[in-house]
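Pasting the structures here.
Same chain, two partners: chain A is paired with chain B first, then with chain C.
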Partner chain A sequence: MATITIGIMDPPYESANTPTAFRLVEAAIRKGHNVNVFCYEGATALGYAGQKQHPNAVHGASLEEEDHPNPKEWIESLLAFAGEKKVKLVWCNCGLCVDERGVENQVEGVCRGSPVDAWKYAEGSDGVLLIGTE
Partner chain B sequence: MSKYVLIQSKSPWESGDIGHFYALASELQKAGGEVTFFLAQNGVMGARTGAKDAGLDELLGGKIRVLADDFSLRERAIEAGSVKQGVRPSPIDEVVDLLAGGAKALWH
Partner chain C sequence: MARYLSIIDSAYRATIEEQDDTAVWFTHAMKNGGADVSILLRGDAVNYAVSNQDAKGVRFGARTVKGPDMVRDIKAVVEKKIPLYAVADDLAERGISISQLIPGVEQIQRRGIAKLIDGHDHILTW
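The block that comes next holds the complex of A and B.
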């Protein structure tokens, strides 16, 4: 079992980087590794509990039919999956970035930290990947 | 020997600095590194047979392992049989294995 740290910077609903990051976290958990995720800047809104699904008026789809996925639910699923696999998934937000965006209300299991925590995660990891934004 | 995984997420025609990322992979290998170049998202576009991407083509057939994310290929309707020789469609698990094994990772 290894420990992997992944840094994410992109905000929700913006970039293909986000689902790729989620896929990496899922694969690492599935393989039995511990994972630290450090969300910086816009990525701190990924776990914002206030996200809401919406209907798609253009396609005439109701809210239920559209079933638009929200990243907060993916985070919850990954945290639950880590529990099932009995590995550790830390999902940590940069606190200052959270405050700037007013996204303090996060789904359960997401913690608040600082870039110092990111450095500690990196120091204690076998592998580190930062998925930067442009 | 140091291990590296370089992840190319952008289309090769999106930005001029992608050529530098290909060159970095090549230089790391020449310096003795064990290099895996992983194409993801729009990065897989240059892997199609017939795609004009000289930088990627220079990596193929050498000592650098070039992989293409199978999910990204499927998203773009690129069949595994229609990628360039030297590119291997692979699950994202390959990146996880490299990270778990201590490879140094770079995302572009």
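The block that comes next holds the complex of A and C.
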């Protein structure tokens, strides 16, 4: 079992980087590895609890039919998945970035930290991947 | 009424989260509101015109994601009578043949883009 740290920077709904990062986290958990995720800048909005689903008139879909995927649910699901697999998943936001965006209301399980925490995660990891924004 | 042309270059930018391409969606919504709009797919976005693509099956833990259905969305654009063009040179560079395209997509040569733009009053670039 290894420990991996992944840094994410893109905000939700803006980049293919985001689902790619989530897929990497899921794959690592599935293989039994511990994962630290550090969200920087716009990525701190991924866990914002105020995200809401909506119907989609262009698709002709009701709210239920559209079943719009909000990334806060992906975080909750991955935290639960890590519990099932008995590995550790830390999901940490840059606190100042949270404050700048007013997204303090996060889903349960998301913690608040600083670049020093990101550095400590990296020091304790077998591998580090930072997915910066373009 | 002014004529609009949406030129879409960025492809699959946030399609997993949005369950569609937001530029195609925006243009379709304009049409639904009564606008006179066309779409030009260029660069990597020409892949939106490919008929057998399938991005379904993503899941994060227990949360399944329906994912985008670009074939549905491009067919809906065609059915809505939104003129839809794709740059033939960009299709060829990516090895996409005519037989792979969703019916109703009109190919134009790269050298024809200026003339197409000239036929519209406003250009939206995405």
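In the analysis below, the second predicted complex is superposed on the first by the 134 of 134 C-alpha atoms of A that agree within 3 Å, B and C clash if a C-alpha of one lies under 4 Å from a C-alpha of the other, contacts with A are read in each partner's own complex, and residues count from 1 in each chain.
Assume a residue touches a chain if its C-beta (ideal position, glycine included) is under 8 Å from a C-beta of that chain, and two chains touch if they have at least 3 such contacts.
No experiment lies behind these values; they were computed from the predicted model shown.
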item	value
Touching partner for A:104 - first (chain B), second (chain C), both, neither	neither
Partner chain in contact with A:16 - chain B first, chain C second, else both or neither	both
More chain A residues in contact - chain B or chain C	C
Contacts of A:31 with chain B and chain C, given as first, second, both or neither	first
Which of chain B and chain C A:130 touches, first, second, both or neither	first
Contacts of A:59 with chain B and chain C, given as first, second, both or neither	second
Chain B and chain C footprints on chain A, overlapping residues	16, 23
Residues on chain A engaged by chain C in the complex (per definition of touch)	12-16, 18-19, 22-23, 25-26, 29, 56-59, 66-69, 71, 73-74, 76-78, 80-81, 84
Contact set on chain C toward chain A in their complex	12-20, 25, 28-29, 32, 58-63, 65-66, 72-73, 76
Parts of chain A lying in touch with chain B, wherever the complex brings them together	2, 4, 16-17, 20, 23-24, 27-28, 30-31, 33, 126-132
Complex contacts: residues of chain B adjacent to chain A	7, 9, 40-42, 69, 71, 91-93, 95-103, 105, 107
